[in-house]
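You will see two complexes here that share chain A, one where it goes with chain B and one where it goes with chain C.
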Partner chain A sequence: MPFKLPLLFNPRRIAVLLWVILPVILATVHGKPCLAKMKIALICSGSVTDGGWNQEGRDAIERVGKKLHARVSVVERVSPVWAVNVMRDFAMRGYQLVIGHGYEFLVPATQVAAQGVKTRFAVSGADIAKPHIATLNFDLTEPSYQLGMLAAMLSKTGKIGFIGGEKIPSVTACFRGFRAGARSVNPHIRVAQAYTSWDQPALSKSQAEAFIQQHIDVIYQNVDAAGKGVFEAVAQADRRVKKGGDPIYVFGCNRNQNNNSTCSKFTPASAVIRLDRAFMQVALAVKTGKFTAGIKPENLHNGVCLVVLNPRLFGSVITPRMRSALAAAGRRLKAGTLSVAGH
Partner chain B sequence: MAAGENIVTFLAQQMIAAAVPLVMAGIGELVAELAGVINIGIEGLMLTGCIAAYTAASCGYGSIGLCAGILGAMALAAMFATVAVSGRADQIVCGAAINILAVGASGTAWAVFQNWRQKHDMSVSLPHGAGFHKWPLPFLSRTPFFGPALFDQYTLCYVTILLGILVWWLLRYARLGLIIRSLGDFPEACQAAGIRVRAWRWGAVLFAGGCAGAAGAYLSIMRTHSFAADMTGGQGFVVLALVIFGRWNLFGLTAGCLLFGFINALQQVLQTARYTAHNRLLESLQHIPFQWFQMLPYAAALLALAVMAKNRPGPRALGRAWPPETPGE
Partner chain C sequence: MKIRQSLLSVGATVMACAAAFGAVLLVLWACGYPPLGILHRWLIGAVGNSYYISNSLAETCPLLLTGLAAGIAFRSGVLNIGAQGQFLIGAMVSVGLATRWQVTPAVMPTIVIAVVGGAVGGGLWAVLAGALERWRGVPVVLSTILLNFVAFYLVEIILSGPLQAHGTSAPQSAEIQGRYWLPVLIKFSSLHIGVLLAFCLAALLYVVNRQTVFGFQTLVTGLNPRAAQLAGIPVARQQMTVIFVSGGLAGLGGAFQVLGVTHFLIANFGSYGYAGIAVALLGRLNPLGIAFSALFFGMLDTGALRVEESSLGLPHNIADVVKGTVLLVMLLLLAFINRRRISPTAKVDAAATEGR
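Then we have the complex of A and B:
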């Protein structure tokens, strides 16, 4: 009579049991968060190496992921047409939060959210309320107002300029604030505006050179990756300025560009969006079940948008009088006693 | 660029600065098309030149970057030639594939490069001295008006002028030029004369790749000292259009590129002056949307070239694979 293994020691049964039990054991060994790990996706329309808006978004969401021990996925170069598929895919894969990084993702996010998925959607850089969507309305108007004041105080020619990547609301808000701030200091100041591209440094450089040729001596740029072209133009112009001559200055935007390697000596300030802070607030709201749809104003008042001065230029370029004027304006803007719209 | 520089000098300088990459890439594309190969992947080749030059120049030497830009684009051109010339595949489809490949590959290479540099605590910017600066020629660059425009430019500008003269002479007077033109007009005759059509076309495609790579390097390590994904911004397609609308003539191509550069500089000055100048006429331009200004160089270049030489035919065998398909195939 052949020897029979007891029922429990049958190799096939052991194998089946292992397949069932092993994942549970592994999940337990690696800790409970492995099962309950939050999943966040960020969708960008451009390259995450653009040195501006998209790169800052990627860096910010990774910082949030580290703090919350969340799994973060970043998808770049997604057109609004494809965004619906990408967002639906993330929703089907159980992501709790999907952030469309740019106003162009507002419509796709609304379409996917309307399909009754459990995933929460946020769109950054938009200013319109849509059902089921948290709209992060970054408003750089007030920091740009402060930059305008600084530009007017720095300008010797009474001509300053703004270069934007595209004429969209978030960019024109920067120009409006910049112009209003400059005119609050010098009502007769001339403020030029031009729009080039987000990713063509050569085009932005030639536009900046046209500004400089027309005696503009302070340039505020919001062109992301193409900003390197503007920095290069300013650096080149400043190399040609004779000793004792009036230099050309440039301001950064979206992220702190004061330490750019091209012309940090001539970059007195940047208007900065602290994306990590805004993303963290939304992620925490999702995690704690307190997520609400609607417009979330992210501005000078809650500290997400602000002006960062270049401390290396304190004294030499940015005088104590300028700093106190900017600080006073900041206080008045926060208190609501000063309104950019009023200018 | 100095503040308040003479407007004529400024416009001439900007015109040449903008035209250099177009003419350089255009010379290569012209030779390839005269040899019967149309490579619409020139945009991708330029982009490859940009990223290859920038990453290689990060070692501290601009000349290494320039060589890498040329070689990188030539490698991609070799891929194109393998499929389109040796493999006799459709040249338009292959060119489109090269563009798509270059956009993805350059973006990925840039991300990998950035991550690697950051991991080793190194800046992604070019080290001091790695990028090319303008090289003003002594005495000549001080000539009033056009001196700074012509003789205070980047090295590649002078190289482009010399290359243009050389290619023009070769195409017009040398046996080499006759062979190249015959490859595009009557490859059967070349075959009968013992000229290896595919091998010569390979050479033309590689030359075009090298020129496009140099044009890309100009954008990244000379003009801007930076790289951005898609930084060529459609200039390769502009070159393609200018070669065709210039009716496969070096002068037509150069004139188109210069006109494009001039109108572009002019529209940028106008966009600025309408806000800064104390002039009612210019101030009245503030109501015109900026897109109208940006459209001007494209519209003017195409219009002028279309009017200038609309009846000159292109190479007869342009875009046709060699050897031609036989009925039994």
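Then we have the complex of A and C:
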């Protein structure tokens, strides 16, 4: 009787098993760096459904994640008190890049980076350099300048207004640009400013209504989730405007808000930050090992900050003359022959 | 009988926590989330390893101190709901004393001055409400809540002015230099020495409440101020002392947070003051109970962060839902227990009234 190998020791079976298992073992043992996905985390201070800064941040990082096939984690409503723990936790779990989405994350990121972790940190919306941190300094001054020009051209009363969520560098820069742009068209124009809140639509709505009562007919808002209140106030005011009367307009900020569901017919333009471009640059730098700390200016010149007009209002609200004036200003701003600081 | 009551009270709290957690997980399960997955991630994030445990403990510190602040005030009948403002003022004074308004460059004295200054700042801010009631008849419950808003905007103004960091227009303080930070107990964690002190303070308050004349007078004043006055207790002075201590504890929380965890200050500095009220109520105003409920809330908060950044897509604010549900369930349970406890007496009273 010939000797029979037990079923498990059959050479053919072993070969097949090895054929199947070996690649998996090799991939596990040696191929980890090849298979391991890049891991990126985004930390937001507000809700990622705010329709502005935070939502755009979430959408942008997800686009970056898809393009780079990276694993993306987003944590919202993180107060600076928690930021150190959250950032350190990501660093300990091997995330290659952690982005703090707001100036308030600069100090926490610096503290964690100083502990010698391998993770790279970027902070968006801040304006000072810190060791080991890439500071993404978004400058909406120039797009806001163009919005100011458009506001002055649209305004019938010679009064326009700006509502910000908080007096922080990125927001006051918007006001400065807006005022300078408006005055470049109409030196006598009155530009009001008010700062309400990021997350209280009722408060922003009251402020917008107060502006409208003061005959302000163009409002530029940078209040994120509270922007719904401004859009609502403008929509209600426009419903009251009689046929042939002069409507009230509102501008969006941070995100393209021209298609907002409340009053897109009265939103001629938005100052937009292409966060995906900025995040992609940092992520690629980390991936290729070319990450450097320091301030990264993100503005009109590198195409991260720009004005987006509402094409549905071309002709009816935004005339060809306005478009050409804005385009000319954009070209001059990019070329450096026009400076917002000069105004 | 006393032990039975204590056990009943602890049991009710534990049951409330478990029932609330269960109810929230049930709702999440109905919404399509995996309850066991959530629970697993929550536990990992709260007590998964020494790092997470230390984070949970660090998160407990401000909750414990604001909880003690609310607890001691409520016990003496002073409805101080302004712990948030006192917490902020404490943090502001502390960060000021450790950065711009330094008295001495020496390390240890600066830390001590910053901690004590924060506590005194919080205490004085609370005394403002006490003084308004004493001399102008403004109810503390009203003035403390309104002073929260005043404190918030005051801090924002000061952070945009004298305490603002150089080189930025953002309303935030300069970063406290590393040598003035509170020492940490575990390397690379936020577990600072203030956490230990906070737990010691809870124990001390427990002893003061139980064993001292001050503690007894506080209790009597809280139960019946008129009777306390007739018994010769200086009620007004007693309440003023309590409100100062209460504000001081909240201010100390702010000081520890800024010197031990964040090392800088912005106006939007968390809402520990409001959470402290819930902590105090869950702890039944007992300092040891408050310590446990603060620990529970701290673990809820840190664990929820892990739930959020997982693939489940749940925001960490789910922890706030659990906290609210815990309080609701506990109130229901206590109402049920009290009803059962007083029912025989009520029967006797009813019989006496009817002349039977």
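As a working rule, the second predicted complex is superposed on the first by the 308 of 343 C-alpha atoms of A that agree within 3 Å, B and C clash if a C-alpha of one lies under 4 Å from a C-alpha of the other, contacts with A are read in each partner's own complex, and residues count from 1 in each chain.
Rule of thumb we're sticking to: a contact is a pair of C-beta atoms (placed from the backbone, for glycine too) under 8 Å apart; a residue touches a chain by one contact, two chains touch by 3 or more.
For clarity, every value in this text was computed on a predicted model and none was experimentally measured.
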| item | value |
| --- | --- |
| Room on chain A for both chain B and chain C (clash or fit) | clash |
| Partner chain(s) touched by A:Ser261 [first = chain B, second = chain C, both, neither] | first |
| Chain B versus chain C as contact partner of A:Glu104, first or second or both or neither | second |
| Which of chain B and chain C A:Val86 touches, first, second, both or neither | second |
| Touching partner for A:Ala225 - first (chain B), second (chain C), both, neither | first |
| Which superposed partner A:Lys167 touches (first chain B, second chain C, both, neither) | both |
| Partner chain in contact with A:Arg77 - chain B first, chain C second, else both or neither | both |
| Touch count on chain A, higher of chain B and chain C | B |
| Contacts of A:Val340 with chain B and chain C, given as first, second, both or neither | neither |
| Steric overlap of chain B with chain C in the superposed model, located at which of 91-99, 109-117 or 163-171 | 91-99 |
| Interface residues of chain A shared between complexes with chain B and chain C | 76-77, 167 |
| Residue ranges of chain C touching chain A (in the complex, touch as defined) | 51, 55, 58-59, 62, 160, 165, 167-172, 175, 188, 190, 257, 261-264, 266, 268-270, 301-302, 305-306, 308-309, 315-317 |
| Footprint of chain C on chain A - complex, ascending | 41, 45, 73-77, 79-86, 88-90, 92, 103-104, 107-108, 110-111, 115, 126-128, 166-169, 172 |
| Chain B-touching residues of chain A, taken from the complex the two chains share | 46-51, 76-77, 157, 159, 161, 167, 190-195, 197, 199-203, 205-207, 209-217, 225-226, 228-229, 232-233, 236-237, 240-241, 246, 248, 260-262 |
| Residue ranges of chain B touching chain A (in the complex, touch as defined) | 1-5, 7, 10, 14, 17-18, 107, 110-111, 114, 123, 125, 219, 223-226, 228-233, 264-265, 268-269, 271-277, 290 |
